[in-house]
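So that you can tell them apart, the chains are marked A, B and C in the order they are listed, and the count of residues begins at 1 in each.
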Amino acid sequence: MEISLQKLASMLNGRLEGPPEAIVVGIAGIREARSDQITFLANPKYEAFMADTQAGGIIVERHWAGTCSRPLIRVDNPYLAFARASQFFQRKPFSPLGISSHAWVDDSAKIGDEVSIHPFAYVGPGARIGDRAVLHPFSYVGSDGIIGEDTTLHANVSILERCTVGCRVTIHSGTVVGSDGFGYARDGDEYVKIPQAGMVQIDDDVEIGANCAIDRATTGKTWIQKGVKIDNLVQVAHNVVVGKNTILIAQSGISGSTEIGNNVQIGGQVGVVGHIQIGDRAGIAAQSGVTRSIGEGSIVSGTPALPHHNQLRAAAIIPKLPQLFKRIQNLEARLKQLEDGPSGG
Amino acid sequence: MEISLQKLASMLNGRLEGPPEAIVVGIAGIREARSDQITFLANPKYEAFMADTQAGGIIVERHWAGTCSRPLIRVDNPYLAFARASQFFQRKPFSPLGISSHAWVDDSAKIGDEVSIHPFAYVGPGARIGDRAVLHPFSYVGSDGIIGEDTTLHANVSILERCTVGCRVTIHSGTVVGSDGFGYARDGDEYVKIPQAGMVQIDDDVEIGANCAIDRATTGKTWIQKGVKIDNLVQVAHNVVVGKNTILIAQSGISGSTEIGNNVQIGGQVGVVGHIQIGDRAGIAAQSGVTRSIGEGSIVSGTPALPHHNQLRAAAIIPKLPQLFKRIQNLEARLKQLEDGPSGG
Amino acid sequence: MEISLQKLASMLNGRLEGPPEAIVVGIAGIREARSDQITFLANPKYEAFMADTQAGGIIVERHWAGTCSRPLIRVDNPYLAFARASQFFQRKPFSPLGISSHAWVDDSAKIGDEVSIHPFAYVGPGARIGDRAVLHPFSYVGSDGIIGEDTTLHANVSILERCTVGCRVTIHSGTVVGSDGFGYARDGDEYVKIPQAGMVQIDDDVEIGANCAIDRATTGKTWIQKGVKIDNLVQVAHNVVVGKNTILIAQSGISGSTEIGNNVQIGGQVGVVGHIQIGDRAGIAAQSGVTRSIGEGSIVSGTPALPHHNQLRAAAIIPKLPQLFKRIQNLEARLKQLEDGPSGG
């Protein structure tokens, strides 16, 4: 892919300061970019590299006040413009593979147009695969599973029976959608399994990282809503709802029946108990353990999670505890002396 | 599956209050159940829905004292009865697939009767597959592995060489049984691998969730005993023993050679160090870090884990630490003033 | 494999006290070893078993002063000698499988000599597989991936496009190398994906456990250097560098662009934030949350991580907090009484 600076600036809704006809062919970091590549400045700590960069063009904030001898493209949100430019340069020609003769596609499955079903992909009875979907080797779509248009399942992904995946979804290798929820009734010392008769519904524009596990509902559905982004090794239990555009960072885990709102940010290694609500736009810091419902826009941290401001203040005292302990001992001794009066003096 | 209320009540060891010949065909939540479905009341907070439910029958505790216009089935343990009824309704007709011509089964493997070995399943040299076992696509049984009767391996499960899996076991997608334990000897700055020559033994009636890792023993066996239930993304290191009917919740991890008793409950994201004992019926709260052996029936929480009662009391003070800090400062100032005597007044 | 005690002692750079021609055929624990097996004594707590062991030979520290009626092999480092002896006894005859007719190897891939490419392994376009490499069933090497000599990919391993794996590397089942890094730019409430155009480079002599996820870099590489050992279910984000001979224990997670030095030890369930440096030979205790860069040789623990010595002292106070709270209340009451003077008496 190659493009003129003028066309690139126009595509990014930016204003060009530099030669409109100059051609760039890719994107790179500010230190590595060559004269036929563009770069971007979003983080002030990289400003020091502006003097020496060889980049063929630099995406900067519209009102950036520094000076630079290289061409600039001024935009409202440099990081977003970088993302869009990067997508442009990474775009690959569309060349669907069709259905490999080494894939297994059940006769009763319905396959869309221009799909890529690679060798050793498996599509079960009654499954439906949307147009332009890509199923990499060892990807599995169980009975009556549905894969939407333009969706990609990477190698070794498992979508179990009756689960549905929307359009423009990407699921990375090793992830499992539709494993049984963890539900048992006790019978004395033993456990009797509660059949997990529900499914998982994944809406459009979701991305799920590698080696995640998203359990099917006991009845009804576990629901990952539109635009959700999930990192690697994340656990989503049965009947959880994850609201639109919410982010779950690596190794976090959400227990059964919890409902997470829209635009929530959940940090790495966070644990959330079951049957609670997390309000829209809430934020949960990494490694927190959330034991109660959280209101809209709240920011919490720690285990058990507290409002982040309180947590920070408490955490700041922790290293001082040994010293506080001594100060209390000292107070006690001195107070004793006072109480004992002059005879103790 | 359809059944009369009388037969269902009998199957659940319950007492019917309602028309014996009425037919029900399924099970659903108290708010969703239709007149041909049964439901159950196990949690008092759902009692409010008893008035309006349309359910064809409701499983309640034997001595439940409320009133309801719908048929009731009175049982000792409604949740357990729900589990059994749900199993009844979810039961599928048994129709074994046989051995797919697109599976790989080594000539030296021994395959039982009425198995279902799906396309792209792999059974290695010397392996044995029990009667009625189900191996889904991309499930792997390494050399000399043993899979018991009525056991199911879901898609993308790996059972490595010489590991054994009992009868009526279910292993969900992506789980690995028999990866090498993590063992090295230092040689200066480098590490020399200690061969992991043991295996994993999984006993009958175990269920293991998605994307778990259960390492083989250095020598001898890593042992998951009868009736254990393991959630998703759980780590079990080499030479660990997990006792009968113990539960490990998602993302928990057990370090090498630790022995866990029977009927233990280990919460989500718990970490347990190596070479310790966890007594029968102990309970470990979510996200705890267990650094010492725990006695029978103990309940612990926190990192490092303490008796849960102590932990709760300590945790309740944490948010008050900034205030305590100020109170100590205040005490010090006032005490100083008293010590300095009237001249300071 | 069988060997005389004399040859074994010589192989281990040890000094034999016992019959040089006696033959041993394997290795076992001190309590289990038979008279044709050797064992070792590295941990003093096993010294009690020296009196009764039936072992055909015991590897002990060069200056071990106890007495034992069985043959001894005195070495500098008994645990290391045990590792080497164990490798000797576990060695299997080399018998490459070649390329299975049931594997998929793209015509444009380059395959080395004496490889073992099992049924249902997949090698994509332009990939290169080194001499004696072993690809187990359902292992996936994407386009232009490189697998070094003597490297083993276990069942269900995914190496994605353009990633490179060095020589003598072992990757256990379910692990994913080269999933997309987690990178998005916000556009109002929605997220725009930042293409992850980089790759993962895994150097020689690395071992990676089961069900790990190692993300490809945004640009450039995520880099696992020589001799690194990674346990199960570990997360390594995009652009992370893990230095030589560093150890990552199970369920730990390293956030994006963090650089970890050489010979670092990272405990189980540790979380490390992004964009920081961990110095050579640092140690991070299990379940810690590391939020700042750590200097060479530092040992830290807790969340947020503190120097381990400080953390231990603070943690020791935590259980005493309720009692401290009462002591402060008591001080306040007594001080109040003093302040109120004799009239309060």
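Criterion: a contact is a pair of C-beta atoms (placed from the backbone, for glycine too) under 8 Å apart; a residue touches a chain by one contact, two chains touch by 3 or more.
Note that the structure is predicted; figures quoted are calculated from it, not measured.
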Arrangement of touching chains [line / ring / star / complete / other]: complete
Copies subunit A and subunit C touch via same or different residues, half shared test: different
Centre-of-Cα separation between subunit C and subunit A, whole angstrom: 26
Where subunit A touches two or more other chains at once, by residue number: 120, 138, 156, 174, 211, 233, 251, 269, 318, 320, 324, 328, 331, 335, 338
Footprint of subunit C on subunit A - complex, ascending: 27-29, 32, 77, 79-80, 82-84, 86-87, 89-90, 102, 118-120, 136-138, 154-156, 170, 172-174, 205, 207, 209-211, 227, 229, 231-233, 244-245, 247, 249-251, 262-263, 268-269, 286-287, 315, 318-322, 324-325, 328, 331-332, 335, 338-339
Interfacial residue positions of subunit A with respect to subunit B in the complex: 104, 120, 122, 138, 140, 142, 156, 158, 160, 174-176, 179-180, 182, 184-187, 189-195, 197, 211-213, 215, 219-220, 233, 235, 237, 251, 253, 255, 269, 271, 273, 289, 302-304, 306, 310-311, 313-314, 316-318, 320, 324, 327-328, 331, 334-335, 338
